[in-house]
Amino acid sequence: MLDSIIFYFFAGIAVISAALMITRRNAIHSAVFLITTLLATAGIFLQLRAEFLFISQIILYVGGIMVLFIFVIMLVRLDVPLPQIRSGLQKWIALFVALAVGVEAGVVLFLARKAPGQGLLIPNPAPAEKLPPNTEELAKGLFGAYLLPFEIASVLLLVAMVGAVVMAKKRTDAP
Amino acid sequence: MNSALHSILVFVQTWWVELLCAVLIVLVVPLIAGYIVLVERKVMADMQARLGPMRVGPHGLLQPIADALKLLIKEDLIPDNADQFIFWLAPVLSMTAALTSMGAVAFGPWFQVARDINIGLLFVVGVSALGPFGIVLGGWASNNHYSIIGALRSTAQLISYETTAGFALVSGFLLAGTLNVRAIVETQRSDHAWYIFLAPVGFFTYLIASIAETNRAPFDLPEAESELVAGYMTEYSGFRWSLYFLAEYANMIVVASVGTTLFLGGWLRPFPNIHWLGWLDAGPTLLLALVGAYCVYRAGKQPARVQSLFMWAVALACFVVAAIFGLAAPFGHPPLQFMYRGLYGAFWFLLKVSAYIYLFMWLRFTLPRFRFDQLMRLGWHILIPLALINVVDVSIALALTSEFGLNRWLAMFFTTLATLGAAMLLLRWNDKYSAAASATLLADSSIVEETNAG
Amino acid sequence: MADESKAPQSPESSQPDASGSSTAPSAAGASPSSPAKASAPAPLQIPLDNELSRRYRERFGAAILDGLEDRKQPILIVDAAQLLEIARYSRDEEKFDLLEDYTAVDWPRREKRFDLVAQLYSFSHNTRLRLKIPLGAEEQPSTLVPIWPAANWLEREIFDLFGIAFLGHPNLKRILLPDEWQGHPLRKDYDILQQDTAWVRENLGIESGQ
Amino acid sequence: MADTIHENAAQKSDTLFGADELVINMGPQHPSTHGVLRVKLKLDGERVVGSECVIGYLHRGVEKIAENRTYQQFAPYVDRMDYVSAVSNGLGYCETVEKLLVVEAPPRARVIRTILTELQRIASHLLWLGTHALDIGALTPLFYCMREREEILKIFEKYCGARLTTHAFRIGGLQYEAYDTLEKDVERFCEDFERRIQQYSDLLTGNSIWIGRTRNVGILNSADCIALGASGPVLRASGVKWDVRKAMPYAAYDQYEFEIPVGTRGDTYDRYMVRLEEMRQSRLICLQAIENIPAGPIMARVGKVLKPPVGEVYHAIEAPKGILGYYIVSDGSVQPYRVRIRPPSFINLQALDKMIRGHLVTDVVAIIGTLDIVLGEVDR
């Protein structure tokens, strides 16, 4: 019971602030609501006893990425309205994408109900106290079964980083 | 509905100790922070050949309370052009982050809010990483150039030094093999060593990074009063300002606690496994008795009757607590014994944390302030590489001990030497680089001049 | 002083050493223009006639209006029209590399109302030289900034307090007083109690500073 | 192809950040402009690309006042210009009027003047050192400096009753005879001071943060110094071995031996070292001076009413901040016809723009500090 209270609390916050994030005009306000969404999601992780995931979410997304987001927003001054390319089709494309995503989510949920133990619902979860420390479990997963994808992702990130540096660097030898 | 209420009741029944601890933290930490400020002012005064606050209460002991009252009743100002919502939110965010992260800190063996959380110290580090939001948003919301520059500086600084602190902590985590706070302390007992001796480089990189993370001198650029007035706090006053202020001091406690837990043996007394040093167990009792004796000695010399009465009262309190500590506890029955161990651990823990914070103060009053580019260079060119190399070296040492059965101390010694060698190289390279950088700076300025003239 | 018109128009000007001090050599001939009193042993002001002044005269001829020595300090009185050339010569040839001070004096009753006064110093010769440039009320001297950048603020100060505009100055605006201030305080016709009351009222919100 | 990408990137960065110049106002109420100085800084990021000083907030029209006071009445006013070295200001003014009167102060007065002026130089440099260190973020030296400055102010107080705006000298000599223990007080101070100055040096000189903050910051080479008229320690730090006390001795400086410290690079660190050494030299001068204070009168015979003969005189002394010159024109009346004061701070401040170009905002603070300006003197 307590678990569901906590879940609905965090889920509610996450959904509401996600909506606010999209509707705010001020970029910084949007960022603040995005942070709230991420924190609420982290709260759900915690409620699921995925402590390591919870703290990774906070350290990486909130503490790292969002700070940089805000940094960039402050530097570039997005709140000064830029001449944006608006197309009449935008509304319809958005509607279509939203519908597509909605249908997809519905299908996934529906299928998950059909195949117990495979999808989102776990019928008989082990009690939280009996779970092995999930840092270790996560490490075993990452460095065992999923080593190759993990490494590929790392290399991809490295490439992105080097690319960003190359693009951002001012040419000092320019006349 | 009933079941919801019931489950909450069950929750409270199960966790009442932790909840009490949490309430205690929220209530007491601001007070402690206020007194740290007083201690800081006294230490500063002592180093600067003056007396410090003396007027409010004996030796200015009530100064923090007076300050708090003053700040509370000050006018609550929000600048016209400020972003009201975020201006309100930012200091709260800073304070919340600081207080929440204290939840996982163990002040002694039994005073800890989040006790069984197996990510332990990582929680502290992660949640305190929310602190920069308070600063950057506050600076932005103030709508003031100084605030924005202060906020930008601060964010850049915090991000870079958090990385260093993180890597430095990793070297400690590797040695402990766990993230759980209690387990970390207990492994230090079973390893027969505080990790400062096994990973000195890790400790010193963490030390420097932790000073930078709390925005303390010589890294106090975001609030450098001589350049940026008060940085991100420029537009803040009264209660909001004091929230920032408290957050800074609460953060000091947090980083000092993390450092103490991981590198200084937490609540263990010095050399916890050496039996002939067992008399150190009487440390708290002895210290209290000494303080009491000093108060008795000073009581006769007080100029006013009130002051000497106060001294007598303090002395009495000290003696009573010392007596409880020294006599009652070792013979008490289990619950009392339990409390004794808790208090005893808390004593050593707080002593170490105090020493750590004293070091912060000492540095603050001794060193000039870094310039921003120098700060960044120190962080990115020296500390981060050093911390990384240290992580690698510590892992190598651990591999050597576990795979080849090499003596742990020997392995650590050689890898530390290797790390230090790398540090020397880094420093030399950095010197060369900074010379080149200042040369380009000057070259740039001549270009600027020409363009301005033209 | 160079000529009669230069001497201050004050009744005491001809009286030697009114202080009655015996230590001071009685300063008869307070001005070379009053030869009647020139009988005292050491006149304070004598015509300047040394190597330096001769070189200047040779070079610039009539542009050097006069030269004199007041209390052993050499003074050259030069024509404003040739100020820039003389300044450049002083810096380059005579090595007066430091413009120590640059100011003005107001003589409202004189034909040429202002004196610009430049104190030059030469590091290599360890000597000082004072250039005085008589200037009519509406005359605009050329700026010395290209010769001595130090003249920048000094000329702005002169402009501010005396109202002498310098030709070619890079940034000629008031420096000590507010930009909108009316009047030039160091002129003799600006009374000590006088001020720009309108400005004070508008900007400070008070009636008067007095 | 690669080139065009590069070029695009460069252009983009220009439009994003390059064009975004920020103008910030430092002062007039800013903790480290040392008074009411206002500097408009044009910034590119945190880099200064241009600046303009706005001064005059403290303008009191000292030169105008002078024309409406008698010579003696004006003497206390000069104390209020550079109010942290009032004694030096007074010395310059008194000596100039004495030159105008063609009198000379008696030897005893000159020696006592020298002692007090050198003490004032130490006091002024101490105040500078403390505040400069504070600007750079070192809190503690300020209090040590104040402690020593207090000793000097006590000596002033004992001598003439005032601590800050002393009006210690009179035209023609001194009003007060040296009090009984003046020599002893000065000697005790000087003995202590050697150790104390070492203390500041220990705190700052070898400190790598201090060096990092001051080395190569605000460089002004000797040619620029002379062109801009900068004088005093600023000039000496750029390597020009020149001091009015040596070049054109006044008071009793020709009797004492002392060195002129010079720097080599003309940066903030050199200026710091020069001033530190100047304090040591001033201490030596004081020690030499108290050894032998000649007996005799302390006042030359000037009348009660001063009417200097017609004429004009310019006289400059080495004030703690640089050349302090007085140009006085007399029309023979009891009031000066024109008093012009050449304020060292005002002219040194002109160099600020040149020194801060290309540096960071943080350095601006250090450079304003290193110029050692007093706004009372800049604005007069």
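Going by the order they are written in, the chains are A, B, C and D; count residues from 1 in each one.
Please note the rule applied: a residue touches a chain if its C-beta (ideal position, glycine included) is under 8 Å from a C-beta of that chain, and two chains touch if they have at least 3 such contacts.
All values reported here derive from a predicted model rather than from experimental measurement.
Undergrad: Can you name the chains that touch chain A as well as chain D?
TA: Shared contacts of chain A and chain D: B.
Undergrad: Max contacts between which two chains?
TA: C-D
Undergrad: With centres defined by CA atoms only, which chain is the most remote from chain C?
TA: Farthest chain from chain C, going by C-alpha centroids: A.
Undergrad: Could you grab the centroid distance between chain B and chain C? Build each centroid from C-alpha atoms only and quote it in angstrom.
TA: The answer is 65 Å.
Undergrad: Centre to centre, by mean C-alpha position, how many angstrom separate chain B and chain D?
TA: Computed from C-alpha means, the inter-chain centre distance equals 43 Å.
Undergrad: If you average the CA atoms of chain A and of chain B, how far apart do the two points sit, in angstrom?
TA: Each chain's C-alpha centroid was found; their separation is 31 Å.
Undergrad: Please report how many Å separate the Cα centroid of chain A from that of chain C, as a whole number.
TA: The answer is 76 Å.
Undergrad: List, in ascending order, every residue of chain D touching at least 2 other chains.
TA: Residue numbers touching two or more other chains: none in chain D.
Undergrad: Per the contact definition, I'd like the list of chain C residues that touch chain D in the complex.
TA: 1, 7-8, 10, 12-25, 27, 30-31, 44-45, 70-71, 73, 75, 97-101, 103, 105-106, 117, 119, 123, 126, 128, 130, 148-150, 152-154, 161, 174-178, 185-186, 190, 192
Undergrad: Write out the stretch or stretches of chain A touching chain B in their complex.
TA: That would be residues 1-2, 5, 26, 28-29, 32, 35, 51-52, 54-55, 58-59, 62-64, 66-68, 70-71, 74-75, 133-135 of chain A.
Undergrad: Quick one: which bits of chain B touch chain D in the complex? Just the residue numbers, please.
TA: The contact residues of chain B facing chain D are 44, 47-50, 145-146, 149, 217-218, 220-221, 224-229, 364-374, 438, 441-442, 444-446, 448-449, 452.
Undergrad: Which stretch or stretches of chain B touch chain A in the complex?
TA: 3-4, 6-8, 10-11, 83, 85-86, 89, 117-119, 122-123, 125-127, 129-130, 132-133, 136-137, 140-141, 148, 151-152, 155-156, 158-159, 162, 178-179
Undergrad: Which of the residues in chain D end up touching chain B in this complex?
TA: Residues in contact with chain B: 22, 24, 30-32, 46-47, 49-50, 133-140, 142-144, 147, 203-204, 207, 209-210, 212-213, 216, 219, 357-365.
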